[in-house]
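Shown next, in structure tokens, is the structure this report addresses.
Lettered A, B, C and D in written order, each chain numbered from 1.
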């Protein structure tokens, strides 16, 4: 369960009956569209170049929580059936965990009872549930005028160049820098032909976020976002604003000075990525998420037989992504949207209190 | 409230009566020592070179949860009185938020009712509660044979060099690389004399962590750790294993191949930092946390009067840290210890179930 | 979400696609049987005499969390399709809430966006999800040797007489007192022919519960059980042991004195219903749950049009239960089983800690 | 931790340093008064007739969360020092648990490490923390115009008679029925002179509660209130509206028909105690809570030595309440106030959403 007022869980296994999400705490009356959901789910396909994996035309089956095209406010469950699943391969690798995968750790955690077919509950397929939950977060943010957009910032050593404005004005759902994307596609093709894979960074920005979301300690907006991002498979690092660069900077360079723009308090730079003290400051929230190269590669690798403890060589076959970063863009957006929507709904409670009882909004 | 079985909250304000922590879910019977607590609290002083701030000899006042030198299992509250507090200065900056600080965002979040003296609840002083909570996490981990140790990895562009073994064998509580520390001290002195500040990176490693802690989605060990780290003031980035470097790597370089050592499954490298699929894999958990330069600097900065929206220049005076990274080492260790102890206690529930009912520990 | 280590949510609407449950935190390796689930679901039909409502042959569709006949430990979702649903009637009463039903309050809570057909998420149909979640609680309790059994204690003024031993030795799933049941059936038939309904009390007992489950304040076993029981529709009172009778008693009558039986500490009476200070004391946990008469009756009743605020008379038609108490027996058992299993798993964490580190189990 | 948006924990032991509460999630800007807190704490003394126990003039020491007389919104900790504590007696009964007390169960739960002096964390003294937390709940409810009042409904077989209006217009903080109270005082005096104790029922009513608080399943208002009431020591039963009486009634008697009063939808009776489907319906919330007789009596009782398992006779000495019901009145009020305030703040989130985006508040 991720979230506090607005919460969601995911369920399902890669090669089971279906995957899905259960969302609780939604406000009633949000108009929803299955077409919009499908459009988001399609973005999970990523690039044709990066992926040779199955591309399921996912038909979201709404089980509950929507009535006459609107959220009811009751728990909302959506299920996506799994199709064209071929699990025959996975018996082979049941006891010989694939390096870099969750095979070994899920075996230990679940004492060998885990559904090991296609990574089971740990599969990237489960991110469909995140995208669906994020859809409802998006709808809430849209009402407030908040926009969330992510893009590939880098793949391997190729860095895309784009400003925040270019990010939001671009129609490309994966990256606004067309030239960099050409190189990225080539790189992915090259890596694929090597039977290898490659990592990358997704940058995600939320615009028009009001100041005051989040809080210190367990309400910390960065902490809550980071926790949600790390729930996405393959994420190994999260930073906000200038992030790790800040560790090299001086305070006089890093501090964002305050100014006024259109009668509103702003900062003149945004090195902090829109968050101060765990609370949004009204500037764009900027975060970068590092994805490791997908562990599925065609090169032979060393593993160990979990029963005999003998060392073995493993050589994977099947359809893999050479780079999951293009697919991850919409997942990152979705997680950010969901977490921000939860924090917005938390904030609404206090805003209502203040509007009602403390119109002057400050002590004497 | 951070944690699930083992949980803690912090409370207090920098210039209020006291700060403290409330810990719930502790196992009974843990032998505790006030001297050990004080020793940990002293480590929060950091380097003499980096800090000119108040160094309170903190006397932990145990309010509840300890009886005859052992935890009772009931909620454990500890309070540290604030002394030598001079708040006169803070009226000055009440409406002119310091750049990079939480002044502005806490003003917005709390509608002007926040205790603005010395950053109130957002002060670094509150990390004393984290250290105290972490003390109990440490005690639990020690029983299991798990060791957690952090050190400065870098300050500005100066990078300390140390292996994991050097980290654990070093007696220095801040950094095993003596040469680098000399440079770091010089750098901090230089920055201080400029009236400026500087950021850095803390690396934290947990050794002898059993495989099987954590889980996917909301149990994700990386996500839970990251959330705890971001609760520490000034943290702007968190990564595990090779972290952001993984985004540049190929799968064939990044994947940790499996092997056997002393009859135990290990990986031959540890690029993943001991976590696969959100679950510990038995290797050392390695994480790096980026701290921004402390925002308190003596250089004049631009701010805005919150009432009139006029632009003003602000020049801070008082005692500041030129670099908080040395102080942060023990705080990072504490947060990691607490989160791991919580996950260990969660794991114990399933281990007890398996020990009792499923000795064979795997399905047919 | 009910529970802490073992948790579940329900979802679905009476006249929607399906109802179901999502269970998180299950131990892996529990052998499960769809036939057993179906058998429990059938018990929700109650008596032929009390019910003229639809009796769906529920086919549990397992979406996730079960693999090769065992729980995997991953989130477990089960869905029950709704069939033979006729919602035409409900448009009629959309704006004229039925007295005693949730029609009015769900309209207010969800601002008119609730699925009002057949009470939507508030329908008794949703208790199927509770029964399914409870099934997994039962399986865990069985391993520990804990048995949970409920029965009708009264309907209207007819009180069934049975001892705890009779309750557990009886093969009747609803009530061990055959004579009382005859009268109850007659009473229900009489009430039905009047177009009316009637309330009753379910008693539920858990046997062989180890001492030490629960705790003070938010871990209070009675409080956690009560919260779960009140989640069942139509529950208006919960008591433990002698319950409300204790308010009339003296301490010398009420206190259960301690004794020893088969080398184990017991109490010589069980007025406290097996719970002292919120913690199980090793005696049977005894609870009684009061159900109001089902609000659906055929007699004309006064209501108000929600739009015009005009007073109206409403006369319900359709198939109703004249008494839901027979159906509720298995639901009460299920909720008790789930909550106890959660508390058992919480307890296991501490037991594992003590077994491992504190074999002597007491301070000097 | 009780509550969701507004949450509190209690800590401390009867014979330890202090007791207290930690409250999180408070709105900022609530004006608070230590005198009001003390006044509430004084009500915990109950009747002179019922109690010979220590009457500490509690001085609330505010640790955090209040600044310039208002809540800041940060965690609020209050501590009450323990004074005049004589623990010498308790070594005597350390291994011979008092019947009806938590001595035995806390010994088991905490493996003998519990603070057994004066019941430790299980002591009635801890209810001071509930009263303090409840104070902040009250302040929030007052702003909304909600009033919460409790009174003794019965002690032993003596039943006080009072209407809801009499309850709220009475200035007596314990019971509006003066005649019944005379009898109750006599009864308590009689019981005391017998060295015995007696139980009773507290009734608590909340007036002017808006419709729409609470929800189904885990948001159920009755369930949440019940859970909070069972956290009060000695509570063994909770019912709403006609409660257990409803189990004997017919639907035609029990259902509250709808009507209109002053342009507002009301029910013409209030058998449901203001809650339908777990959600407030705008009528007064009426609940009754059964308290067992305090287990501390002067009569000799059988117990068992926890080490030798030998049967022993125990005869308590010291100062006890012959009836805790008078003291419990303010505690019940406090718990109800806190839970309602939490639910009000949850509701505010949705109200703000609807006010902002769905002014028409219903789908087409």
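Throughout what follows, a contact is a pair of C-beta atoms (placed from the backbone, for glycine too) under 8 Å apart; a residue touches a chain by one contact, two chains touch by 3 or more.
Since the structure is predicted, the reported quantities are computational estimates derived from the model, not experimental observations.
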item: Most widely separated chain from chain B, with each centre as the mean of CA atoms; value: C
item: Comparison of B-D and A-B (more C-beta pairs in contact); value: A-B
item: Centre-to-centre distance between chain C and chain B (centres being mean Cα positions), rounded to whole Å; value: 44
item: Separation of mean Cα positions, chain D and chain B [Å, integer]; value: 38
item: Interchain centroid distance [CA atoms averaged], chain A/chain B, Å; value: 25
item: Residues within chain D bordering two or more other chains; value: 1, 9-10, 28-29, 70, 73-74, 109, 111-113, 121, 216, 350, 354, 358, 361-363
item: Touch list for chain D against partner chain A, complex; value: 4-5, 27-29, 68-70, 73-74, 140, 143, 216, 345-346, 348-358, 361-363
item: Residues of chain C defined as touching chain A within the complex; value: 1, 7, 9-13, 16-20, 22, 24, 28-29, 61-65, 67, 70-77, 79, 109-115, 120-121
item: Residue numbers on chain C that touch chain D, as the complex places them; value: 1-2, 9-10, 97, 99-102, 104-106, 108-109, 111-113, 119, 121-122, 126, 154-157, 191, 194, 196-201, 211-212, 214-218, 220, 222-224, 226-231, 233, 235-244, 246-260, 263, 265, 267-268, 272-273, 275-282, 290-297, 299, 301-304, 306, 309, 311, 350, 354, 358, 361-363
